[in-house]
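Going by the order they are written in, the chains are A, B and C; count residues from 1 in each one.
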Amino acid sequence: MRLRLTPRDTSYFDLFAAQAEHLVTGAGLLGELLGAHRAQRKAVVQRMSEAEHAADEATHSIMRRLNQTFVTPFDRDDIYDLASRLDDCMDLMDEAADLVVLYKVDALPARVSDQVAVLQRAAELTAAAMPRLRSMDSLSEYWIEVNRLENQADKTYRKLVAQLFDEVTDPIELLKLKEIVEKLEDAADAFERVANTVETIALKES
Amino acid sequence: MRLRLTPRDTSYFDLFAAQAEHLVTGAGLLGELLGAHRAQRKAVVQRMSEAEHAADEATHSIMRRLNQTFVTPFDRDDIYDLASRLDDCMDLMDEAADLVVLYKVDALPARVSDQVAVLQRAAELTAAAMPRLRSMDSLSEYWIEVNRLENQADKTYRKLVAQLFDEVTDPIELLKLKEIVEKLEDAADAFERVANTVETIALKES
Amino acid sequence: MRLRLTPRDTSYFDLFAAQAEHLVTGAGLLGELLGAHRAQRKAVVQRMSEAEHAADEATHSIMRRLNQTFVTPFDRDDIYDLASRLDDCMDLMDEAADLVVLYKVDALPARVSDQVAVLQRAAELTAAAMPRLRSMDSLSEYWIEVNRLENQADKTYRKLVAQLFDEVTDPIELLKLKEIVEKLEDAADAFERVANTVETIALKES
């Protein structure tokens, strides 16, 4: 068990919480993007890219602190992993949004909103869990629920891919939609990896 | 050189051996899948997914032990890497089998059986090598042979991709077959990464 | 601050510099490939694959030394990361060149030369930076410039993908070109990851 609650230690938890808040913003913007008319999409994607830059900044401040301090609230590698994996979630949601505009996609399959709903829920659970890293209290509910959400996302993803191959006859349109749907599935996987990292940290500290 | 042969140390080797045995099962099921009629495929893929769950459990018991014990037979990071990379092999073989059913593939190119044969051989070599981690004896034959197999798999993969682009005129069918063939190549790469991890461990201990 | 300038330490810098020199060769060969007639491509790709093998050897000698020595000029993990990420750059440039021949691509979009120009510049900057790891002097110019180059590469990549979807009507041709363009973008990302690793090392040492 290492020292806790010194200002330096504390701020890691604040930084992780800040990083996770950007994920809630990003997942929310994915929802807006689904509802937006094609003409409005660019503006939503622009805000997503701003959220991605902000999250990037939060990640870098964690890395900078990590590289320049000795006392850390838990293993350096775990802090590095957690920060990197939170950052992955944002990058993947940003890339998915970006593809929708870049590929000038006409309409997305209705089930994509199920994928986005899972990401929004996972982001909220992650943001709520980060402050609890300080006390390590009741984190298991979080990672169990995120793992359950990822299994649900995986089922949705598989149905979507099968549907795309059944219904989309234009191979180029199929190529575009498949890549967007895969990117959203990668984002769900990334949230699960965050949860697994938190589980690893909690097990070590317990 | 660290302590060996305490019960706790031993069980890591048993757990790695158990993990690798699931890979032999998985590679065998890939062979069955190639021989199966389309109607039987779902059942084979179901058994594959059970094998994947079992391998997952084996991986988690290694991680749990790793996170809760201090004495390890070799570097914690290497134990983590080895367990993760063994798990990757299973995941990729499972995903490949899954795609065959998900994409309702009609027939696979004959050369795919060469890819699967390499995976079966690599899985057997890996399972035979894991118990030898205890004594670190004659492991070099293992990693040299797995690296040779991966080079062979790579040549087969390249021939297959060229063949697909030459012979498959339906772009959607091409998309499906290419992804399955790539997944099998990724699995061969994953076995090589396991072998490289074992080499790293052996070099440190020597 | 750790011991520097012992022969053993020194040679790590020489090995990293050697590794980076292979990247300059590889990026140069990509340029040759763009200018080559289809009949000459195979020969260029052959030389690329020789450069890749040489880079592989350089990587392995670093790993071997790392696994068998105790004194290192900076953290073992950072040496491992830097060597691996330099190796990734070579692998990705090699794979990109390989696809041009494997896919029997007719003509590449003109903008691909912009992607290659960025890789050549990034390789030169990386090769020039490696010897400066010894003194840790003026490395920030290097990583800032490589990050700038990667942003530029990203913009080019996005324009290229949009262009491919707008102009290439044959989905199979689109599939081929998209994969090559993506591989070159992955190579640019790999150079940025090398720069980020150098930044991490420099921050720790500062």
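Assume a residue touches a chain if its C-beta (ideal position, glycine included) is under 8 Å from a C-beta of that chain, and two chains touch if they have at least 3 such contacts.
Everything quoted here is computed from the prediction, not taken from an experiment.
Chain contacts in this assembly form a complete graph, since each chain touches every other chain. Shared numbers divided by all numbers used gives the overlap of an interface; between chain B and chain C this overlap falls below half, so the copies present different residues. Centre-to-centre spacing of chain B and chain C amounts to 28 Å, using the average Cα coordinate of each chain. Contact with two or more other chains is made by residues 171, 175 of chain C. On the side of chain A, the complex with chain B involves touching residues 158, 161-162, 165, 171, 174-175, 178, 200, 203-204, 206. Taken in their complex, chain B has these residues touching chain A: 63-64, 67-68, 102-104, 171-172, 175-176.
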